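Presented sequentially are two complexes of subunit A, the first with subunit B as partner and the second with subunit C.
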Partner chain A sequence: MQDTGVHLREVRKSFGAAEVIRGVDMDVRRGEFAVFVGPSGCGKSTLLRMIAGLEETTDGKIVIGDRDVTDEDPVDRGVAMVFQSYALYPHLSVYENMAFSLRLAKRPRAEIDEKVREAAGILQLIEHLDKKPGQLSGGQRQRVAIGRAIVRAPDVFLFDEPLSNLDAELRVQMRLELARLHQKLGATMIYVTHDQVEAMTLADRIFVLQGGHVQQSGAPLDLYDDPSNRFVAGFIGSPSMNFFDAVVEAQTGQGVTVRLTGQPDLPLDIVLADPPAPGTEIVLGIRPEHLAVTDGEGLRVTVDVAEELGGVSYQHGTLEGGDAVIFQQIGARHEMHGTVQTVVPEPGRAFAFDRSGTRIR
Partner chain B sequence: MSKSNRRRRELRTAALLTAPFLILFSVFFLYPTYKVIALSFTDSPLIGEGNWVGLANYVELFNDRLFYTSLWNNFYFVLLTVIPTTVIALLIALAVSRLKGRTQALVLTMFFLPYVLPVSVVTMIWSWMLDFQFGILQPLIEAVTGKPVPVFKNPYWVMPMIAVVTIWWTNGFNVLLLIAGLRNIPADLYEAAALDGATPWQRFWRVTWPLLWPVTALVLTLQLILQLKIFDQVYLLSGGGPFNQSYVVLMQMYREAFQLNNGGYASAVAMVLFVLIVVVSILQYQLLRIGGRK
Partner chain C sequence: MTAKRARNIAFTALVLIAAAIWIFPLYWALTTSLRSENRIVSDAGILMDELNFSAYIDVLSTSKLPLWYLNSVGTSLIITFLILLTGMMCAYALSQLRFPGRRALYLLVVASFMVPAPALYVAQFVLMNDLDMVNTWWGIILPQLIAPVVIIVYKQFFDAIPHEMREAVLLDGGGEFTLLFKLYLPLNWGITAALSIITFIGAWNNFFWPFLIVTSEGMMTIPVGITQVTDSFGVAYARMMALALLAAAPVIVGYLIFQKRVTEAVMISAGVKG
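Entry: the complex of A and B
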């Protein structure tokens, strides 16, 4: 089997004077499930559409497999795309929607029928083949859109927020189906989403985009465990990481001792290979799940909102200095609303960033 | 409040809201329609009383050679205008919808401009342009046929030229309707089609055409009704001549009513045209709907 990875080199895109994609390099390997995440307007869709060939590439190179497709027409790139709006042809039946590309390619009837029925079988659409898209539910429409892509047997599947129009339950179900589909087809897939959980659960590799750059890429847990800057640290993980201003007090053998601004009582030891000088202002990042309630010394948090989800709860509060804090509790009901709690970070679980957001390691 | 009370209040509101329309409709449409029907069974002049003559007017009409000439000319005119104007409007709409922003607005305005002109101005412009001696279009005609043609005095040229004038005059409206229809087709359908491998030609026939069909059917039907009612342009450009080659049904009605003072007979002409338009347009719309559903 030939290489069907997707490789971008120094890819740029401008709309008029506005540069939206500012030099993106990425490699999605064959059969990999890649996910683009990032805040709204960061250019995820634009990048995906550039790979599909629906947007022209201003500069740089897009390679699919071993072919440079930068200037090729969408149909010649061997990609299929599933749109957020589904983009089903409303005047055609489900069957004809899926058969559309094969009919255009003038494939024999028997082959069309076989492929459409096979895809419909995978997606449980057999009994809906004669319906028009208007007569289907959201989830069924979504499956037709995916079916239309499958029928073409593309090297690369592109998904632009395919589940965002579905309700929560259906989203979970479709997410699983997508994961199964990926295992079954083994094709390269690139998936755009807003949704943390979708990204973490589906991806072999996540690309975090912001400001037209790839901020970091890697396996979901690598990004979670080892974010390379404050943006990625804040973006991956839900609820997002707490950030506190802090000052380096002293260098120790393996790192530094820091104090949070406004919390003079609690010195924290951070392990760093390349410790900054005493007096340096840094930012400390601690995930909600790494703040534990204690009876001893710690950060005093006034809890004002408690989100009890049953298995876990998220306690939202403020430090004495006024900084917002979230910490997580597991297990029993805690009734912490309105109380003052003392929390300490788990040792070795705090990340240090400089004031510009770069990770200090 | 009781249910019947509430119902009564709702009814009163409904009556109040519909009354203005119902009154205007009755006074200016229903009553005249009734009058025309009644008139068509009498021998009355345009103004004043007449005698009941039963179906005599209709019998006379169906034996009137001129009526058949007019009918034929009406159908000829429909043939010359309805489908051509729709096709031209569609081509223009497709072209205009590719333009962006201000250019699009400007071009659209230019195509729409003739539509706002009164018919007298339109016919004046075209009689000048086609004037036998001085018309700026005569050199063009000469280049094609070898000699200048007095188009509105030539039995072969008269109907086609009136059709050209009519299309030029009314096409902007059709363009507008079709543009609105085109804008309703989501852009991502075209993107999906491009990814599916559709050429521009296939994109038109497999996406645009079927999705635009309801609007196209509407334009065709509106045009059919409008063009069956042809009168002004004929009256102003050729007066029905030469040799009755541009004589149309409404022209005949006009002459009978306002020049020969045969109110009864003219009403019979009007009734026949009315029924004809209703039947033909319902028929066409049904046909088009079936065609669209296929």
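Entry: the complex of A and C
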């Protein structure tokens, strides 16, 4: 089968003096669902638009399959894009919206009809083919936008935050539909979002971007379980990881003993292959689900807000030193709001980072 | 009776008086055209008391009215088509393409508002004469193709179309012509219709330039033709009024059909010019 992967080599993009993409290397394999995720302004949409050919590449190389497409026009790259605003043509019917690219390519009428009806069948749009986009709901419009991409049978589908204009319920539904569509079509897909829940649930592989760099890439759970720096650790996972300043007290045989700043009563043993010297200031990262309530010694948290979600609850509070902290409770039914709770990290669940944010392993 | 109701009645009365003032010239033209020439210059009253169609029969049978109609319709249609086409393409370039001098070009278009058309008449006449276009349709048409308002209105509407729609067309394999004629134009049929109407009416009503460039009776447009209705005793009022009404008839009928669009067009162009 033809390779339809997307490969970026030292790709850069500048707008005037401002460099927004700073040397990105990545490989999206054929049939993979890749997600670019990151905060606003991290360059994820720009990178997607560069792959689409809607932004010129200042430097570097973009290869789709085995073709260098860096200087090709968008239409010649074998990509189709679904936009955040859908970008449907409001004066054309659903059918004509989906047929537009095939008509421009002067495909035979019978072929156009077959492809449009096939895509409409996959997306349950058959009964809406004669309607104008203005007569459709948000979810249906999104499906038309996806249908417009499908009929072109592209090598690569590009999605630019396609679900952000939908309400919460529809977003969950469309997320599942996209996952099913990917399974059905088996095409290479690249998806941009700032919503890490979308990234976690859809991706085969996530690329976390910040400041024009790929901070880390990998399978969703690999990023969750083994972040390579503080930014990725904080960005992947909801609610975010807790971070505490700490000082290395002593080296042990397997790692270090650290003490959290402002918490002199709680020495913690961290397993590290390359332990820093005693006295080194580090940052400890602990996920909310890895802080357990205890009756014994631990971190004393004054809970000020409790988010009760039914099965799970998130307790937001502050440590005695003023640091914010979140811990998770499962199935708890006692009101914690306003109380002081003692929590301890589960053994082996704390991540250590140096002051610059790099993971200490 | 409440104060509000009184105010409403006063306002309605005021509007009726204004309407009467506006309609009177038309009424007077109609009344005059239905009188004999002798009666017009004698002691005719204000009321319509005669139904004499001789003026109409006279202009229809003796003047070159059918030819003038043809000239008016032909030149107005060509002017409208060319202004819309070139204006739309120019506006598209100014709105969507990035090229050196784009801003300067737009400023030039805006600045051309400041030059009144009659200021160019002498130069244009000399040019048309040199090009041997006196007494031709092109002589009438070419100098009337300067219409910055069309460019500015189109540009504003093109600017408002979301950029992602343009990018979707590019990804679908469309170029600039596809974008203009399959996306930007169909999305702006409303404004295109409005601009067509106002441009057509402007071209139809234009008197002074055709009056200068045409001397042969066979090439005249209707407004110029009206000046030809004289007889050996001087101006023939009834015939002139009959001709004026016949000249205005297509525009009036057109206006009645496209009333809403015309109002829209006037509002838009007034907004730009204001």
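The definition used in the following text is that the second predicted complex is superposed on the first by the 361 of 361 C-alpha atoms of A that agree within 3 Å, B and C clash if a C-alpha of one lies under 4 Å from a C-alpha of the other, contacts with A are read in each partner's own complex, and residues count from 1 in each chain.
In this text, a contact is a pair of C-beta atoms (placed from the backbone, for glycine too) under 8 Å apart; a residue touches a chain by one contact, two chains touch by 3 or more.
Remember, it's a predicted structure, so these values are computed and weren't measured experimentally.
Superposition of the two structures on subunit A leads subunit B and subunit C into a clash. By the document's definition of touching, neither partner reaches A:274: not subunit B, not subunit C. By the touch criterion stated above, A:127 is placed in contact with neither subunit B nor subunit C. In the superposed model, A:83 makes contact with both subunit B and subunit C.
Contacts of A:101 after superposition: both subunit B and subunit C are touched. In the superposed model, A:295 lies in contact with neither subunit B nor subunit C.
Residues 52-54, 73-75, 79-81, 83, 85, 87, 89-91, 100-101, 104-105, 148, 152 of subunit A lie in contact with subunit B in one complex and with subunit C in the other. Put simply, subunit A touches subunit B in their complex at residues 52-54, 73-75, 79-81, 83, 85, 87, 89-91, 100-101, 104-105, 148, 152. The touching residues of subunit C, counted against subunit A in their complex, run 162, 164-165, 167-174, 178, 183, 186-187. By the touch criterion given at the top, residues 186, 188-189, 191-198, 202, 206-207, 210-211 of subunit B touch subunit A in their complex. Across the interface of their complex, subunit C is touched by residues 52-54, 73-75, 79-81, 83-85, 87, 89-91, 100-101, 104-105, 148, 152 of subunit A.
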